[in-house]
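One chain, chain A, appears in both complexes that follow, with chain B as partner in the first and chain C in the second.
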Partner chain A sequence: MEFKVNSKELEKLLTKIIPAVPTRTPMPILENFLFEIKNGLLTIYATDLEISLKSSINIVTEENISIVVPAKLLYDVIRSLGDTTVHFNITGNGKLSLTTDNGQYSLSYLDSTEFPEIPSFPDQNENEDLAEISIPGMDLKEALEKTSFAMSKEEMRPAMMGTLFEFGEDGLRFVSTDGHRLVNMLNKKITSGINNQYIVPEKAISVLLKILDEKDVKLYMSKTHISFKLNDIELITRLIGQKYPDYKSVIPLENEFELKLKTKDLHNAIKRMMLFSTSNTRRVKFSIKENNLEISAEDLDIGASGKENVVCTYSGDSIDIGFNSAYVNDILSHLVNLKEIIFKLHSPTKAVVIVPDEKDENIDLMMLIMPVRLNN
Partner chain B sequence: MNHPELCRRVTEKLMRTIFHLDLDAFFVSVERIVDPSLNEKPVVVGADPKYGRGVVAACSYEARDYGLHSGMPIKQAYRLCPNAIYVHGSHGEYGRFSKAVKYILSKYAPQIEQASIDEFYMDFTGCTHIYGPLFMFASKLQKEIWNTLKLPCSIGIARNKTIAKIASDFMKPRGVTYVLPEMEKEFLAPMPAESMPGIGKETLKHLHHKGFYTLGDIAGVKEDYFSAAFGKYGTDMWRKANGQGSEYLSLPADQKSISHERTFHQDEMNKCYVESILFKLTGKVCQTLRNNDWQASTITIKLRYSDFVTITRSKTIKQTDDDRVIFRTASEMLRKAYNRRVAVRLVGLSLTKFSPFSEQQKLFESAEERREKMLSAVSVIRSKFGFDSIKVGSF
Partner chain C sequence: MEFKVNSKELEKLLTKIIPAVPTRTPMPILENFLFEIKNGLLTIYATDLEISLKSSINIVTEENISIVVPAKLLYDVIRSLGDTTVHFNITGNGKLSLTTDNGQYSLSYLDSTEFPEIPSFPDQNENEDLAEISIPGMDLKEALEKTSFAMSKEEMRPAMMGTLFEFGEDGLRFVSTDGHRLVNMLNKKITSGINNQYIVPEKAISVLLKILDEKDVKLYMSKTHISFKLNDIELITRLIGQKYPDYKSVIPLENEFELKLKTKDLHNAIKRMMLFSTSNTRRVKFSIKENNLEISAEDLDIGASGKENVVCTYSGDSIDIGFNSAYVNDILSHLVNLKEIIFKLHSPTKAVVIVPDEKDENIDLMMLIMPVRLNN
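Coming up: the complex of A and B.
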C-alpha cells in the first residue's frame, strides 16, 4: 500500500510521540512506533508500558494496515529530510520504503501483533466507571509547573513519586511532596461532580509539561489509568495505585509568626548562601528577630562562611531555624513571579508554611518546608 | 577544627610514641577464665576438628610447644596434638572482655585504635610528663589488666605502628619492649623476615628464594632494587624494614568503610541460605553505622565462588542507616551477581561514603519515626547485652 505525507508535519507529530519510546528496555518491541492505518487515518502509538502517547494524521489511502516501525531510525530520517513530500510504500515482504524527490530509504517493519495493547478512552471502557472533565491547558500547565518539582525520586514511597490530582467540591487540588517539602495548589475554577484522588506518575507529568498549550485538555480517569486528550495528541498513563500520604494532617494550622519579605531579595541571598553551605547538609540558618532576618551558612570543610541581612517585616518571637538551602531555592524559584511572600512559622522544629502575600481568588497556593535541626 | 585534627596539629612536632598492646593467646585466656580447669593444659580455640574445615583461632603456649600456631588448618593441628582440648569458642564472651580492656586503656590513652578484638594501638605522644617513664608505665598498665581481668598481654612501644607491633611480638607472653628512637634499624635487623606483619607464607618463599632471610637483609639493599623485585608492595616492605611506618592512628573519624564477611563452613549452593547470611551481615554493619551516628550511601557486596573467583558489585543510593534499605539493595545486587552454577565460599558486605546523620526533619514521620525509635532501642539493647541479644525477624 502507498500513501504520502509532508515530512514537516510528520516530524512535528513524531516529536510529540517519541518521549514515550524507552531508551533502554528489556522488551525490544517497545523501541518501535505502532502505525495503524484505518479509514484514511494514520494513528501512531508509542509506549513504555507506563505512559503511552498517540497522535493521528489524515492520509489518502483505502487499505487498512497495522505495523511496527523502528522508532528512532524513522524519527531521525524524517527529521533530517527538510520540507518535502515523503511517499510511504509498505510492501508485503516486511519492507517499508520512503521515497522523496531525490532519495529512497528502506526500513524493516514487523507485524503489530506483539505490540502491547494500549488502553483506549473512552470507547473501550464504556462499562467501567469512567470520570471525565475538560480543563484549560494553561491552568493545568501552571499547576504542574508549580507543584511537580516537589515529587519524590525515592522508590521507597511509590505514592510520593507522582503528583496527586484531587477532585473535590471546592475545585481541583494538586499536591506533591517528597517528605521534606510539600506543595499544595487548589484551582477553584475547575469544578466537577467528581470526588476522587488520582496519583499521576512523574514521567507523565514531565511529558505533559512539554506538550500542554492553551487549548483545552480532556481528562478521562478509570481506576487504573488516566488519559489526557489534547487537540492532536493523547497521553495515557498508568496511575500509581497506592494511597497518597495524609498530607492534610501535616499542614500546620496555627503557625502564628509571619515573616513577610520580597521574593527576589530572599532568592538572590539564598543563591549566594548556597555557595557557602556544607555540601552534604546544604544547611542555611535563618536568624529572625523583629523586622530583621539574617541568613547565614558555613562550610567547615573548606573554612568558608557567609551571612546577609534581608529586609523583612516580622513581629513574632525571635527564632533561629535551619533549612536545606537547595529546598528553599527550589521553592523560591517557583514563586519568583510573586512580589512578596509570607513565611508562617511556629518553632525551629515545626513545618514552615510559605504563601503568597497577595491572595488570588481562583488559586490557593501553599508551599511547606521542614526545617533542618541546628546543633546548638 | 575537629578533635583528632587538633590533636594531630598539637603533637606534630613531638617525638611520636605509639603503644601496641596485644592480648596474649586472648581466646585461650578468656576460655580459661570461664573454665579454670583449662589452666596449664594445651588448649586450642577454633573450628571443630571433626568437620575438618577451618583454622586454629588461638592456641595456648602449651599447645604451641607441639608446633601449633594460629591460622593453622585445624586438621593439621589435630594431627600434631590430638590430646589438646579443642574449644569451639564463645564469641559473646570475647567481645565483653575486649571491651573491658578497652575501657581500662581509655582511662589513660588520649587516642586508641582497636585493630582487632585483641589488639590495640595507643598514641601516648607527649605523655611522659603525665605518666613518667613510659616503660614503667607500660608495666603498670599490664599489671592493671592482669589484676582486674586476669588477662595477660604484651606491649610494644616505638615511634610508629609497625615497629610497635613487631616489638609487642618480640617478648611474648607478658613482655614489654621499648624500641628507643633511632634504634629501630638495629632492633629490626636480626629479626626473621616473617616477623614483619604482612609477610605470609608465599611472600616468605619469594624472599628466601632471593636470599632475604632477615629484615636486615631487606633493609640492606637499595629501595629501587627491592621495589623492582617485589613491585609496589616491595616499596612498602622495604620502608617497614628500615623502621618507617605509620605514625598516626587511624581513628574512627578517618574510617572509610564498614565491612563484614563470612566464609561458609561448607561451600554453599543454596541461594536462600547465602541471602540469609547477607541479612545477618547487614544487621552487623548497620549497627556499627548507627553507633557512629553515620549514614552510608555506597553499598558493596562481595561474592567468592568455591573456585576463588571473586566478584564485587557496588551501588550508590541516597544516604541511609536503615537495615531494610541496605539489605534490599544488597540482596538485589547479590541475586544479579550470583549467576554461575558454582557453590559460594564467601559472602561479604561493605558500606562506604559516609555522611553524618541528617538532621533534616521529616513530614510524614509516623512510620519512619517509629522505625527510627525502634532502631535506636535496638542499639541500646545491643550495647548492653551484645549483638546477638536481639535480632530482626523480617522487614
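Coming up: the complex of A and C.
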C-alpha cells in the first residue's frame, strides 16, 4: 500500500510522540512506533509500558494496515529531509520504502501483533466508571511546574515518586514531597463532582510539561490509568497504585514567627552559600533576630566559609535554624516570580512553612521544608 | 595585605585563565590559581603542566606576595557576586578573606612554592635562540578551525595528536592528520625568516580557538615551548617533541578525475546516508559516472538502506569508491563556507584529494581522505 505525507508535518508529529520511546529497554519492540492506518487516518503510537503517546494525521489511502517501524531511525531520516513530499510504500516483504525527489530509503518493519496493547479513553466497550474533566492547559502546566520538583526519586517510596492530583469540593489540589520538602498547591477554580485521589508518575509529568499549551486538556481517569487529551496528542499513563502519605498531618498550623523577605535577595545569597556548604550535608545556617537575618555556611574539608546579611522583616523570638541549602535553593527557584515570601517558623526542629506574601484568590500555594540539625 | 578589585573585571580575567585548570589531576596543586602580586600588578596563572595561561590586572597595593588559591571555588564565588567591589585581605594564617557590601567569605590559600614553574617568553636570562613572529589573530583562528579536527586522538602516534605549524619561504603551513584524513593549509601572507616545524598539542589548539580575536598575536618559539601572546592573555604550551610524519609523500599529485559539486548538496546527502551506514564501518559508496553521482549506504544489521543522486560535473572514468561517511561529513562540515568543491580521484584504492573550486590567492587549502574497501 502507498500514501504520501509532507516531511515537516510528519516530523512535527513524531517529535511529539518520540518522548514515550524508551532509550534503554529489555523489550526491543518498544523502540518502535506503531503505525495504524484506518479509514484514511494514520495514528502513530509509542509506549514504554508506563506512559503512551498517540497522535494522528490524515492521509489518502484505501487500505487499512498496522505495522511497527524503528522509531529513532525513522525520526532521524524524516528530520534530515528538509521540506519535501515523502512517498511511503509498505510492501508485503517487511520493507517500508520512502521515496523523495532525490533519494530512496528502505527500512524494515515488523508485524503489529507484537506491540503491547494501549488502553483507549473513553472506551465504549468497558463498563468501568470513568471520571472526566476539562482543565485549561496553562493551569495544569503552572501547577506541575510549581510542584513536580519535590517528587521523590527513591524507589523505596513508590507513592512519593509521583504527583498527587486530589479532586475535592474546594478545587483541584496538587501535592508532591520527598519527605524533606513538600509542595501543596490548590487551584480553587477547578471544581468538579469528583472526590478522588490519583498519583501521576514522574515520567508522565515531565512529558506533560513539554506538551501542555494554552488550550484546554481533557482528563479521563479509570482506577488504573489517566488520559490527558490535548488538541493534537493524547498521553495515557498508568497511575501509581499506592496510598499517598497523609501530607496534612505534616503541615504545622501554629508556626507563629514570620520572616518576610525579598525572594530574589534570599535566592542570590543562598546560591553563594551553597559554594561554602560542606558537600555532603550542604548545611546553611539562618540566624534570625529582630529584623536581621544572617545566613552562614562553612566547608570544614576545604577550610572555606561565608556569611551574608539579608534584609528582612522579623518580629519573633531569636532563632538559629539549619537547612539543606540545595533544598532551599530548589524551593526559591520555583518562587522567583513572587516578589516577597514569608517563612513561618516555630523552632529549630520543626517544619518550616513558606508562603507567598501576596495572597492569590484562586491559588493557595504552600511549600514546606524540614530543618537540619546544627552542630553547636 | 589588602587590595580591592571589581568583581566583573576579575570574573572576566578568571574566565580566560580557568581553561588551563585541569578538572581531574593526580596533582591537587594544579586545581589552584597562582596569584602573583608585584609592583601593583596582579598576575594570575593556571597550568595543567602542558599548557599554561596567564593574565594581569592593575591593583593598588604596596606589598608583593605570591599565593595559590582554589581555582574553581574562587571563580564560582566571584561569578556569583554580581557587579560589586571585592576587598581582598590576605592574612598570615593562610586565610584569604573577601568582603563585599553584603557578605564576607573566607578561603584557604597555600604557599606558592609548591606551584610548578611556568616558563616566560621572552626570557632575558636565557641564551636560547627564540624565533618570533606576529600574526593576525583571525588568520590563525581560521587556519586552526579548518585543520584541527583531523588531529589524531590515538596516543600511539603522539606526533599526530597535534597540529603542525611549518614556517617556510612560501608562508606558514598548517597540517593535521590521523592517518585516515589529512588537512593541509598554507597561508602565503605569513612569511618570516623562520624555517622550522613545531607541533602544537590539541589542548593548546582548543584553548586558542576560544581566545583568539581580530587582534594580532605574537608567537615566541623555543625548542620545547611556544608562547602565544594576545592583547590581554598569554598561552604557553609545550611542543610535541616528535618528528611529524612525512605528509607530502601521502598526497597524490596525479589524481586526474575531477568531480565537482555543490558542498551543501553533498553534505546534506551524506548526513542522511550516515543514518543508513552500518555502525561499525560507517561505509558509504560513491558510484560516479558521466555527470552523475549516486551515493548509497546500507546497514545489514537492521535491514535498512538508502540511496540518493547528487547533481555534479564529472568527466572521468566510471568509478565505484567507498568512504567512511563520518570522515566525509567531518571534512564537508569544515568546507561549508565554500559553494563548490572538487574531488580529485584516481582509483578506488588511492587517496582522494578535496579542494575548493575557487582558488584563493593567499590560501592554499587541501583536504585528503583515504577510501575504504567495498565488499563486491
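In this text, the second predicted complex is superposed on the first by the 373 of 376 C-alpha atoms of A that agree within 3 Å, B and C clash if a C-alpha of one lies under 4 Å from a C-alpha of the other, contacts with A are read in each partner's own complex, and residues count from 1 in each chain.
Simple rule for what comes next: contacts are C-beta pairs under 8 Å (C-beta built on N, C-alpha and C of every residue); 3 or more make two chains touch, one makes a residue touch a chain.
Quick caveat, the model's predicted, so the values are computed rather than measured.
When both complexes are superposed on chain A, chain B and chain C fit side by side without a clash.
Once the two structures are superposed, chain B and chain C can be ranked by residues of chain A touched, with C on top. Of the two partner chains, neither chain B nor chain C is touched by A:Leu266. On the chain A superposition, the C-alpha centres give an angle at chain A of 70° between chain B and chain C, rounded to a multiple of 10.
When both complexes are overlaid on chain A, the residue A:Tyr105 reaches chain C alone and has no touch with chain B. By the document's definition of touching, of the two partners only chain B reaches A:His180; chain C does not. Of the two partner chains, chain B is the only one that A:Val372 touches; chain C does not reach it.
With both structures placed on the common chain, the touch criterion links A:Met151 to neither chain B nor chain C. Contact with neither chain B nor chain C is seen for A:Leu172 once the two complexes are overlaid on the shared chain. Shortest separation of chain B and chain C in the overlay equals 13 Å (C-alpha atoms, whole Å). Note for the complex: chain B touches chain A at residues 318, 325, 355-356, 358-364. Those residues of chain C that touch chain A in the complex are listed here as 70, 73, 76-77, 80-82, 94-95, 102-108, 268-269, 271-272, 275-276, 302-310. Put simply, chain A touches chain B in their complex at residues 154, 156, 177, 179-182, 245-246, 250, 280-281, 283, 322, 324, 349, 351, 368, 370-375.
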